[in-house]
Structure formats: structure tokens, C-alpha cells
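Next come two complexes, and both contain subunit A; in the first it sits with subunit B, in the second with subunit C.
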Partner chain A sequence: MLSIKNLHASVEGNEILKGINLEVNPGEVHAIMGPNGSGKSTLANVLAGREEYEVTEGSVIYKGEDLLEMDVDERAHAGVFLAFQYPVEIPGVSMATFLKEAINANRRARGQQELSPVEMLKFIRSKTKLLGMDEQMLKRSLNEGFSGGEKKRNEMLQMALLEPSLAILDETDSGLDIDALKVVADSVNALRSPDRSFIVVTHYQRLLNYIVPDFVHVLFNGRIVKSGGKELALQLEEKGYDWIKEENAVAG
Partner chain B sequence: MSESMQTLEEHTSSDYKYGFTSDIDTEVFPKGLNEDVIRQISAKKEEPEWLLEWRLKAYRHWLTMEEPHWPNVKYEPIDYQDIIYYASPKKKPKYDSLDEVDPELLRTFEKLGIPLEEQKVLAGVAVDAVIDSVSVTTTYKEMLAEKGIIFCSFSEAVKEHPELVKKYLGSVVPQTDNFFAALNSAVFSDGSFVYIPKGVRCPIELSTYFRINTANTGQFERTLIVAEEGSYVSYLEGCTAPMRDENQLHAAVVELIALDDAYIKYSTVQNWYPGDEEGRGGIYNFVTKRGLCAGKRSRISWTQVETGSAITWKYPSCILKGDDSIGEFYSVAVTNNRQEADTGTKMIHIGKNTRSTIVSKGISAGRSHNSYRGLVKVGKRAENAHNFSQCDSLLMGDKCGAHTFPYLEVENNTAKVEHEATTSKIGEDQLFYLQQRGLKEEDAINMIVNGYCKEVFQELPMEFAAEAQKLLAISLEGSVG
Partner chain C sequence: MPTAIASEHIGHFIELYEKAKALSSPAPKLAALQDKAAAHLEEMRFPTRRDEDWKYTSVRQIVSQNWALGKATTLSPEHIENAAIKDLDDIRFVFVNGQFVPALSTPASQWPQGLTIKSLADALEGEDSEWLSAKLEAHAMHDNPFVVMNTAFGQNGWYMEVQKGAVIEKPVHLMMFSTGEEAFVQFPQLWVHAQTGSEFSVMEHYLPKEGNTPHFTCAVSCLRLEANAHVHHYRLQRESDTAFQINFCEVEQERDSVYSSYATDLGGAIVRNNQNVLLEQSNTETHLNGIYLINGEQHVDNQTFMDHAVPHCNSNELYKGIVTGKARGVFNGKVLVRPDAQKTNAFQQNSTLLLSPDAIMDAKPQLEIFADDVKCSHGATIGQLDESAVFYLRSRGLPLREARTLLQFAFLGEVISNMPHEPVRNFVEKLVHDKLYNH
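Take a look at the complex of A and B:
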């Protein structure tokens, strides 16, 4: 599904990713943890194609293609979805309009028929219901005035509607109450399938109780310095990052 | 009814307007302006003596005036003796086929979804299309007449309803008001006249489409709308298709009068030729638009979407004379390439409990300059006046400019005046978000811009709003990235 080799990326001349290697197979869930500022969001943004981040070295192959050669929207059409750490507000653009345009843009790109307004509404409603969202929200401007939790839920709604092949969740669990956390976990678990993969960036082991990962990686200072199974998350929860930092200082 | 149809209608029916004598059809006056020219214009139009005097008074005053240079726009000096002040609008088509027409213009027509035959008409290609628009127009005319509504060309109104024209012409914009209004008053060619009788709610949007004696929108247009007590009218002006004109200088005057409890809603889409990327050949648009809320609880609402012209100088205003009257101004002004716009409004509070709302959305792209200039004036007698102004500027790229000039004159301390202003760049993070969800860059930009303009678009009649959105997309094409 995704093969990242020796990926280096910088922003405004500062190198942030310093040689990332990561293999994600179809159906797998990878959790990425790591201290603030270690480069987790940078990695997510580079994968989604944000221009500010300049890839200076390395390669990313996605479904057999060079991901780095693709435009942002092409990546989306190919099934890459990023649930943002900080979803932006777009005043005056209603949720309904936005969802409709996004869904149809992807359908067009994939050679599918656009949904009729009736089908569209039915489809969107089925998902808002699943996510326990108020339908009134469809009339509001995209993310404008949404609470932190509502914004995250909205990201999950979009994921459910766009049915990506590779979903990257950047701290979707941060700032959520326990019910919302379950909603996030449920929406991921509902989509889990042998041909769909997830990269879940999180600071909390708690989420991983609900979304059980196949692998846990620790990102530190632009590199993946430790990888393991789900028990690594428990270890991190218990001991923090200091021991990894020390190990790394000795090693590096 | 599409706006392109409207323009088509204007073209195809232009025979009617100047049809009072056939020899005029091909007539063009020599360049230059003097009293003789004005006398001849008036004579051609078979105007009554008082109107000639009115024109002459305007002309004599104009001679004493200086062209204003306070707007934040720069253009080559205008030689007023190098302009033709009277020409028959029935021009021969300039081209034999669409192949001869500027491909840029054709591309725009295509984007707006204008059918081929109509494209020909709009671009000035010879066609032999016979369009039975007269019958449509007649049907509406009859329906309007039943309600006592008058909707006709200005020239027709001068002939058929001289008492109304005499009573109201110049009552809001006196012929000495400003340089361009004075010029218009001296030489105006034609325009629209609307009269809505007491208590009548005009059942349709009055667009120039339904005006039978109409011509290609003129260089010096004159519009007068009178709404009697308790009446309502929504008037649409303009066209989303790009409008070309050989006359570079345009100076229109629009006067609105709302009596007790009357409501006039005036919507404009202005898409005059803005010139090429270097700004060559664009229209100079110097317009005076003013509404008088003469009666108690009257209301005048201006909504404009300005995307065209090389230079725009335009401040639709409301004089809130009647107690409890309401003035509104909703504007989207887009400038791209070398366009310059200095536009805004004046809200003059005279009566008690008068309220005004100003929502201005400027969008600048390319190397253009976009200025908002607004005056809110609260007179001594205007107890409890209330104004709310919101002026937002959106910048696309870093070579354009946005400027805001709010003026405030308050002579009554019970007034409540609120002003909000923002300047923002189209957000990279917003674009990225939408593109990540699969939208193309262009579509993402359009979505953000339409969202930004929403408060104004929702004031437009539905059809117009949809076309305005398309128009905006075309105007801003290629302005980011």
C-alpha cells in the first residue's frame, strides 16, 4: 500500500523529517506516537502533498505509484485521506455544499457517476446518523464555530463519506470526551478492511484500546526510532519518552 | 430567463428604440460637445422645451466643473471633445463569422454556457436569427399595465408620462450634482423608467429583458424609478456576459424614489469589458446612483456585483429622509489584472430611527487596485440612527492592493455606528483542506470566494446569484497559483 524510504523534508530551509522509513501493508493499522514537534504532522502533510514542505530526499510509493509526483487532489482521488489536527474554517461555504462537491469530485475522478441530489442527501444522512451528528449541522458553514470535538467528528464524517484506501488521522482523538473518542474509534473500525490501511497519529494509549494497531512507531526528531506491537504504546504511556530519548542519544 | 437572453433581447429590439424616424438609424453626430449638439440631441428625441432647458442648465454648469481626481484610480486624461455624443445604436455587425472574434471572448461565452447563436449576437457577428421576443415582452407589458405599473424606456416616458418625469427627474441627483452626473444630464441618450403605483407589489423582477424599447446599454444612461406609497419593486440591471462597447467613457445616472412604506430593491451585475491583461481598451465606468427614502418606513436596497470595467467609480447611496427608513448596500467588487475600482456607498441619515447596513466585499487579484470608500452621515435631527458597516477585502496574490476609506460624520449623539473591517489573503490552509478532499485548485478557490461573498449573493434574486457565481469564477481565473 505505502512504502516510505529515507524520506527527508524541510520547511523554510529547516530539515524536519530526517530519513523516515515505513512500510504499510493493506489492512494494517499503524500508530505513530512521539513528543511534540517531532515531525508527526509534517509527515502527514507531506504524504497529503502540502506544498510548504519540500521533500529533499527519499521516495514514497503508494499503490505502486510515485506519490510525490501527484498533485494534492490527485492523491485524494487515489484514496489518500488526511484527518487534520486543526481543521480549518471556511466561512460562507455550507457543509452540505462542501460534502456534495467533495464526494462528486472524487466520483468523477474515479470514473463513477455523480450522485443525484436525492442519493446524495440519503448517503450523507446515513453517515451523520452513524456518527451521532445533528443534521442541522449540514446547513452551517464548514467548521465555522464548530467546537473542537465537532470539528474532529466532522473529519470522521468526511472519512466515512470518501471511503479512502489510506486514512491518516492526525491526533483526531485530542481534546475529545470519552463518547466522542468512541465515535472516532467506531468510524475507523467500521471502515477497517483487508484493502484499507490507517496511520493513526496520537499521544494517548487510550485511543489504541479502541483502535487496536498492528504496529506502533515512535517518531523522534524526524526519524522513526522505535517500532513495536501494541504493547509499545503501553510502555510509552507508563514511562514517557525520556528513555527513548536517552537510548537515542547513546545510539546517535 | 438567462441574462444572455436579456442582452440578446436588447440587441434584437434595438430597432424599436430609435424607430421614431427612420433616417436617424444610421446617423452619427460629429465629435465634440457644445450647446448645439445638446439642442440637436433633444430635437432628435422630440423632447419638450423644459427638458432641453434642463439639459442646457446641466451643460452650462458642467463647463464650470472640474473632473474629480480624488478617487484612488489612475487613467489617461479624457478628451471630452473627442467623444461622439449622439450615435444611432443600430450598428452594422462588425464580423461575418465567429472566427473573426477574439477567442478570449468566445472562451468566456462558452464558460457561461451561452448558445452559439447568441454568442454571435453578443460578439457583433451578423446573424439571421429571428427571435420572437416581442410577444413575450408584450405579455408582460399587459400584465404590468393591468396593475398600473409603468416600465418603459426613458424616451418613451418623456413622451407618455411627462408630468411624472418632470416631477422626479433630478430630484435625487440634481443635474449639477457632480461632474459626471452633470455631463450625463446634458447628453443622456436613454435608459429606463419605472413607476409603481400606490400599494402595488410588482409581481415580477423587472429586468431590462422585459423592456420593449430598449437598446444596447448606452454610454450615458439615465434610469428613474418611483415607488409610490406601500409599493414594492425589484429591478435588475446588467448582464453577466462580457459587454463590449466602442465607447470608452460611460457615465450613467440612476435615481430611485421610495415614498411611505415603499421598498425598492435594485440589483446590478456589471461586466463591462475590463481591457486586456495590460488594461488596454477597457471601459471607464463613472456612475452616479442614489436613492431617496422620501417616505416614512421606506426602504432602498442596492446590491451590486462588479467585475468589469477598467476603471470603476461608483457609490450607490441612500438618503434616509423619512423617519424609520432603511438603506442597504451589498457589494462584491472584483478586480483583476490592471483593473481599478473605487466604489462604496453613502448613507445619509436625516430622519429619526433610520437604519443602514453596508456589506462590502472586495476581491483583488493580479495587479489590480480595489478601494472601498464609504460615508456614513448622521444629521442633527436623526435621533436613534443606526448604521452597521462591514468592509472585507480579500487579496489573491501579492501584487494587488486593497484600500478602505471609511468616512464618518455624526451630528447626533444618539446615533449608533458600528464598523468592522478585515483584510485577508486567500488562505493556503483553506485551499489545501479543500484540495485534500479532492477539489481541483480552481474549484477550491471558487468555493472559498463564493463563501466569502455569500452575504451579498443571497441578496440577489436566485437566477442572478447563480450567474454571478459563474461570473466570479471566470473573472478570477488563473489568479492564484
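Take a look at the complex of A and C:
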């Protein structure tokens, strides 16, 4: 599915990622944890194609293709989805218009027929219902005036509608109360399938009580310094990140 | 010498006036007014960029041309039907090259009750409009030469009187077509007198001309709202990019009246709009909405003037535009709150997206406040598209062009959504959408 090799990336000349290696197979859930400033969000954004991040070395192969050569929208068409840490508010673009445009843009790119307005509404309704969202929300401007929880729920709605092969959740759990957190976890769990993979970037272990990962990686200072199973997350919860920092300070 | 050149240009229009007189002779009162205007015009000069009000817009290219008067001609009924606004049940007035064409217009027998429509000459001969004759006298001696010129030439003006308490459901739709190879000038004139408690909607619609020969529209509209009258006034300008327009609109509001304007400028080479509103009595509401979407070498200049002369009046201005290519937009919004106008609420917002390195926007909000118990604000922003929003949309699969178009559309949508007639709103949305996509 995804193969990251020796990935280096910089923002405004500062190197943030210093050689990431990661293999994600179909159906797997990988959790990326780490202290603030370790490069977690940078990794998520580089995969989504944000232009401020410059890849200086290394490769990312997605389904056999060079992901770094693809435009932002092409990555979406190929099935890469980023749930934003800070979803953007866009006044004047209604949720309904946005979802319709996004769904049909992906269908066109994949050579599928666009959905008729009736099919579209039916499809969107089936997912809003699943997420316990009020349909009135479709009339509102995209993310404008949404609470933190509503914004994250909206990211999950988009994920459900776009049915990606690789979903990257960038600290989707930050700032959420337990109910909102469960909605996020339920959305991910509902979509888990043998041909769909997830990278869950999180600062806290709590989300991983609900989304049980196959692998946990600890990112520190731009590198993955520790990998393990779900028990690694519990260890981090118990001991914090200091022992990682110390270990690496000694090793470094 | 610039002044000499300017008066020489006036001379062309005086010659044209003599020609027009030789061709037709209006009723005596109108003829006298027009002669008066022409005589005044002869003493005037056209403004230059040294005049403060015309600092950003040069009219040299317009007034230095040798214009002919629009030739009477007609178009096929199919042509009119194809240009109609879908689902809009309207009272149509069709003009071709500035000439009224009754055969293509809604017949008088179908004009609604409560609405009296007369030609300017007829209205003036009648005893019923002191207001009209007083205003025309003032226009003949106006300090703006384009207003004077319009008064001298305007023969196809219409006077619409909405009777007391009448609610006219169907909007009056003035469709201005132009056709043919000749470069011509036209002088549309619209008069609306909305009596106490009446409701009325009117739309000036300037359609694109086929072919590249330029024409010049010098338009004046004048509206008076009596107590508690409600008027919606659309101006939809989508002429070809070789057309010139100078508009002058004057509104007078009596107590409790509500005036809303919706000005959309999509076409034109050089366009100048003056929108003046005088609040004569208290508790009025005024909404001025404007859109400009220009590219290439288009130039659109909007000047508004809200004159708060009395207490307890509310005005709200929202002008938004997108300027690309080498186009230039101008917004000069003046709000005057006179010493007596306590408890005034006056808001003004002008926002522009400037989307190319050579595009220019001049925004000049001007608040002059002489009362102390008022709420007034103004804002002018000039910016680019929000790149984080573009990224967000693209990350959901929208191609770059579609993401940018959607955001531009949303930007102008705030103004379009204020238009109360759904068919008009849909029509303007489609025009804006098409122009954004064909950039």
C-alpha cells in the first residue's frame, strides 16, 4: 500500500523529517505517536501534498506509484485522504455544494459516472445518519462557525463519503470530549477493511483504546525511534515521552 | 491645451444634438428642457483625471469618439426570447440601439393595475408630475456633463408611477439590446415614482452586442420613494468588452421607505456608476449591493454617495469584486452624516480579490460624520484567495481550477444571495459562474 523510505522534509529551510521509514500494508492501522514538535503533522501533510513542505530526500511509493510526483487532487483521486488537524472554514461554500463537488470530482477522475442529485442526496444522507449528524448542517457554510467537535465529525463524514484506500488522521482526537472521540473511532472502525489502511497520528493514547492499532510508532526528532504493537501505546501513556527523549539523547 | 480639447469634444455632441433635433421634434415642454440642457452643455467641459471625482477614471477614450445616434432597427422575437431570464414573469420593455420597440415589449393592455407608465414627453405634458419636471430642470443645469447630456438627448425615457398602496408583483424588465456595425451612443432614462406604501421592482439589463464595434451608453435613472414604499432596483450590465457606460442614479427616500439596489457589472471596456441616495426623512432603510467581475483591460468604477440628512436612518453597502488580467476596479464610497442625522446606522464594506499581478484596485471609503450619536463603520479589503482553502478543497479531489472557481464564486455569492427574485439570482449566478470558468 504505502512504502516510505528515508524521507526527509523541510519547512522554510528547517529540516523536520530526518529519514522516515515506514511500510503500511493493506488493511493495517498504524498509529504514529510522539511529543510535540517531533514531526507527526509534517509527515501527515507531506503525504497529503501540502506545498509548504519541501521533500529533500527519500521516496514515498503508494500502490506502486511515486506519491510525491502527484498533485494534491490526484492523490485524493488515487484514494489518499487526510483528516485535517485544523479543518479550514470556507464561508459561502455550502456543505452540500462542497460534498457534491468533491464526490463527483473523484468519480470523474476515476472514470465513474457522476451521481444524480437524487442519488447524491441519498448517499450523503445515509452517512450523516450514521454519524448522527443533523441534516441542517448541509445548508451551512463549510466548517464556518462549527465547534471543534463538529469540524472533526465533518472530517469523518468526508472520509466516509470519499471511501479512501489510505486515510491519514492528523491529531483528529485533539481537544475532543469522549463522545466526539467515540464518533471518530466508530467512523474509522466502520471503514476498516482488508484493502483499506489507516495512519492515525495522535499525541494521546486515549484514542487507541477505541481504534486498536496493528502497529505503534514513536516519532522523535524527525525519525521513528521505536515501533511495536498496541502495548507500546500503553507504555507511553504510563511513562510519558521523557524516557524516549532520554533514550535517544543517550543514543545520540 | 486640455481644456480646448475637452470643449472640442463637447462640440461633437452639440453637433449631434442639432442632427437629432432635425430628425424629430418632441412635445413642447420636453423640447424646451432639452434645448436648455444643450445650451448648458455647450458651456461645460468633460471631466479629466485632475478632477477629484474622476481621479481614477479617464473618459477621454469615450468622449473623443465621433458617435452617431443609434439607428432604429429591430430583432426577431426569438432573439428576445432567447435572451429572457428563465422563469422570470416580467413586464418587458425592449430597446434596440436605444430605441423602444413596442412590438417586442409587453403590450400596454397587460401592464398591471396600479402601475402607470408613460413616455417622458407624455408625463411631462400632463399635470401629474411636479417632481418630474423639477428634477429634469435640475438635471438640465446639473454640474455633471453626462447628466446634462442625457437630459438633452433622452427621448426614450420612461416614467413609471406606482400608485398608492399598489404592490406590483412582476418586475419591470428593461432589456437594452444593441446590434449592427455602427458605433453609436444611447441615452436611456428611467423615472420611478413609488407612492406611499407601494412595492415595485425594476431591472435595467444591458445585454452584450454581437460584433466588436463600440457603443456608448449614457444612462440616468431617478427614483423617488414616498413614505413606506419598497423598491428593488437591479442593474445588470453584461455588455461586450468594447462597450462604454456612464450611469448616474439618484434616489430620494421619504420616511419609512426601503430602497435596495443590486448592481452587477460583468462587461464593458470603461464603466462608471454613480449611485446617490438622499435620505430626506427618518426611519428609512437603504441597501446598496454591488458586484464587479472583470478581466482583460476592463475598467469599472463605482461611486456611491449616501447622504444621511435626517435622524434614525439605516444604510448598508456591500460591494464585492474580482479583478484579474490587466483590469482595474475602483470603489469610492462616500457617506455623509449631517449634523442633524443623530441615531444614524451607516455601514459600508468593499472587498476585492485581486488575482493577477497587473490587476489594479483603488478603494476609497470616505466617511464624513458631523453628528455625535451614530453607528458608522466602513471596511475595505483587497486580497488574494485563501491558499489554505484551496489546499483543503484540492485535498478532497477538486482540481485546482475548480477549487479556485468555487472559492471565487463563494466570494461573490454573499452579494448574489441578497437578490430577492430567485430567477434573477439564478440567472446572475449562472453568468458569474460562466465568466469565472471562461477566464
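The criterion applied here is as follows: the second predicted complex is superposed on the first by the 252 of 252 C-alpha atoms of A that agree within 3 Å, B and C clash if a C-alpha of one lies under 4 Å from a C-alpha of the other, contacts with A are read in each partner's own complex, and residues count from 1 in each chain.
Keep in mind that, in the parts below, a residue touches a chain if its C-beta (ideal position, glycine included) is under 8 Å from a C-beta of that chain, and two chains touch if they have at least 3 such contacts.
Since the model is a prediction, treat every value here as computed from it, not as a measurement.
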Subunit A superposed: clash or fit between subunit B and subunit C? clash
A:119 in the overlay: touching subunit B, subunit C, both, or neither? Say first, second, both or neither. neither
Given the touch rule stated above, what does A:23 touch, subunit B (first), subunit C (second), both, or neither? neither
With both complexes overlaid on chain A, does A:87 touch subunit B (first), subunit C (second), both or neither? both
Have a look at where A:105 lands relative to subunit B and subunit C in the superposition and call it first, second, both or neither. both
Pick one for A:66: touches subunit B only (first), subunit C only (second), both, or neither. neither
Interface residues of subunit A shared by subunit B and subunit C, listed 48-51, 71-73, 75-77, 81-82, 84, 87-88, 90-93, 97-98, 101-102, 105-106, 109, 141, 158, 162
In the complex, subunit A residues that touch subunit C: 48-51, 71-73, 75-77, 81-82, 84, 87-88, 90-93, 97-98, 101-102, 105-106, 109, 141, 158, 162
Residues on subunit C engaged by subunit A in the complex (per definition of touch): 386, 388-389, 391-400, 402-403, 406-407, 409-411, 413-414
Residues of subunit A that touch subunit B when the two form their complex: 48-52, 71-73, 75-77, 81-82, 84, 87-88, 90-93, 97-98, 101-102, 105-106, 109, 141-142, 158, 162
Where on subunit B is subunit A touching in the complex? 427-430, 432-441, 443, 447-448, 450-455
